[in-house]
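See the structures that follow.
In the two complexes that follow, subunit A is the common piece, with subunit B as its partner first and subunit C second.
Up next is the complex of A and B:
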């Protein structure tokens, strides 16, 4: 099985751990994503799209259960990622499944807006 | 038929290019405003940009973009009310809305983008607007620090920034030629002149195509308002510099929308007034010496001065019963935020229109005037210099007489006295300095420089053919046909 060529991000107050089980890429975010974590998060998400294509993955799961806060700049990085997915030929487009923490109301509002960009590609699950 | 399809495609492509540039500016202005909430001019600029984009999008049939721009205006209005100290959620929604519009603008017919849910997104905005209106503004704000958004390039048009960078590079070549020995100097100067010629003629804009675009947008707009219109546009073979063309576009957009929305009557009203059911609107452009004159004329109802008076009183611009001449009332129409409309529609009524037109035209040294006759219509005349901007300069022969140096007249100049002490401008600017015959003192805002020269020439008007940014120390300007080197002392680093 091929392996995922993306390193985890682990800085004070925030970590992002990508894993690959041969079928799905999973990205678990924990802590607080703010300006300090943005450069690392951006760099990671930048690598994510080509990796998804290289591994021919059909779905990426983004687990936000442990994420307490994400500022707007970090959130916009996901918008950019979605844009790359949308630009693909329909047969190459992949799904982004966000696992939401129901206790975090900001997640619900933000993810609902995010989903409107591409309802066929973005799934939000509680 | 085929021709009209081609024209339509060109119009849509031009819209896409411009809209993406506008969205970049909107995103950058928004980020900047959150960092500098006190910048009122920037806030107005932001409102104008989104209002212009809304108008343009409606004209080319991008109704979804128009709708979202309207919602964006609502979000901006909330942010303005809160002096741009806003919750993170609102900032995120604005950022998403801009990206959403980018997506809609870029979307081609038949392209699958994975299911855009515009209605859902609009609802999200409505919900947020509602919750923000219900919640009291937090004076401390919930704002976190922001970093400027990454700009993405979607166009190969020459942007003003690229032009400015090219001008700086060309000025460097000119300076290198000045510093070089005679043979190299001539070769470098020839290369410089060839590049300047290219720079000057790159990206010219045929006015007629711009007018055709506006002409096409008006009948659908009128129809939407329950009106009829016949539009006549004549731009001849006039070409404009890109920056001027952009200003003309903004001005036309706002004046034409105002004419259709405010000036033109419904067919029934026109019949009662003894006019044909369809209103007439003409756009004519002519070259007048070095200026371009554009006249927009309609045969509508004219300006309703009673409504202007009422609004001016309500806005505190005049007192009830005060005698104000009609020409002064007309001036109110050009004030930011002034609208005679009591309600806001998604076409006009936000008071962003004529002030945007005047601001756009004033930036290029132009003027706009309005004449109106009750029941007979309104004529708006725009006068724009289609020339390079100019400035008055002091002129000096350089110490080695190899070139003429110019300095803006805003710097006071007098012969230096022996006791005058100030840094040497030529040395600080890295220009060749030889033993001078004369020293002059330049002074402005408490800053002084000594400029060594061989001769002081008569002040003159210089033409800015290759404008560099105000932060650049040098610019090549023309006095008559002569190339001279404009020195900006304010941009030269003072020696420690």
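Up next is the complex of A and C:
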């Protein structure tokens, strides 16, 4: 099985852990995604799109259960990633499945905005 | 009858990126103290964080101030978050144009979606913060300029959890 060529991010107050099981890429986010973590998150998400294509993955799961907050700059990083997915030929596009933590009320509003932005690509699971 | 406890907090701090999340957690506790429901606390915390980051990014003298008031006026409970900082004339012009465009857009969610489309393929900057406050936090925004000092205020009508 091929492996995912993306390193996790571990800084004070924020963790991003990518894993690959041979079928699905999973990205678990924990802590606060803010100006402090933005450069590392950007670097990671820049690598994510080419890796999804290299591994021919059809779905990426983004687990927000441990994510306390995400600022608009980090939110924009996801918007940019989704934009790259949208630019692909329809048969090459992949789904982004967000696992929402219902106790983090901001997540339902932010994920609704993302889903409306790319309704054909975004799945939100509570 | 209002169940919201009138309260006021004012913080003055030297811009420090790490401080912003700390302040967001602190003001979340403050909003909970004022008996505001959990969803509204989350909206207000989001708005506070975005306003603080905006102030920290744009301050000219490294100092920003945030004032938060929970009050009842004419039987209506509301929260006003104000950030104040000095900035450059260039930044003031950018803010004025941004507010002009934002205020011309009547539907906050549609405007937010428009900005998301616009920013998706731009490598730098998001410009989403204030539109996010209007749309996700459901707050009205206002810009006041006095010389080199800018004050951005966000106002929400709130409901108590009682």
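Assume the second predicted complex is superposed on the first by the 126 of 126 C-alpha atoms of A that agree within 3 Å, B and C clash if a C-alpha of one lies under 4 Å from a C-alpha of the other, contacts with A are read in each partner's own complex, and residues count from 1 in each chain.
Please note the rule applied: a contact is a pair of C-beta atoms (placed from the backbone, for glycine too) under 8 Å apart; a residue touches a chain by one contact, two chains touch by 3 or more.
Because the structure is predicted, anything quoted here is derived from the model rather than measured.
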After lining both complexes up on subunit A, report clash or fit for subunit B versus subunit C.
-> clash
Contacts of A:45 with subunit B and subunit C, given as first, second, both or neither = neither
Look at A:83 in the shared chain and tell me whether it touches subunit B only, subunit C only, both, or neither; answer first, second, both or neither.
-> both
State whether A:36 touches subunit B only (first), subunit C only (second), both chains, or neither.
-> second
Of the partners subunit B and subunit C, which touch A:115 in the superposed model: first, second, both, neither?
-> first
Which superposed partner A:27 touches (first subunit B, second subunit C, both, neither) | neither
So, does A:93 touch the first partner subunit B, the second partner subunit C, both, or neither?
-> first
First (subunit B), second (subunit C), both or neither touched by A:67 = neither
Which holds for A:104: it touches subunit B only (first), subunit C only (second), both, or neither?
-> second
Which partner does A:124 reach: the first (subunit B), the second (subunit C), both, or neither?
-> neither
Can you tell which stretch of subunit B bumps into subunit C once we superpose, 7-15, 133-141, 187-195 or 277-285?
-> 133-141
Touching both subunit C and subunit B, counted on subunit A across the two superposed complexes = 34-35, 71-73, 75-76, 79-80, 83, 86, 106, 109-110, 113, 116-117
Sort out for me which residues of subunit C touch subunit A in the complex.
-> 17-18, 20-21, 24, 38-39, 41-43, 45-46, 49-50, 53, 56, 109, 112-113, 116-117, 119-121, 123, 126, 128-129, 132, 135-136
Subunit B-facing residues of subunit A, complex = 34-35, 38, 71-73, 75-76, 79-80, 83, 85-86, 90, 93, 106, 109-110, 112-122
Can you list the residues on subunit A that touch subunit C in the complex?
-> 13, 32, 34-36, 69, 71-73, 75-76, 79-80, 82-83, 86, 104-106, 109-110, 113, 116-117
Can you name the residues of subunit B that touch subunit A in the complex?
-> 88-89, 91-93, 95-96, 99-100, 103, 112-118, 120-121, 124, 127-128, 144-147, 149
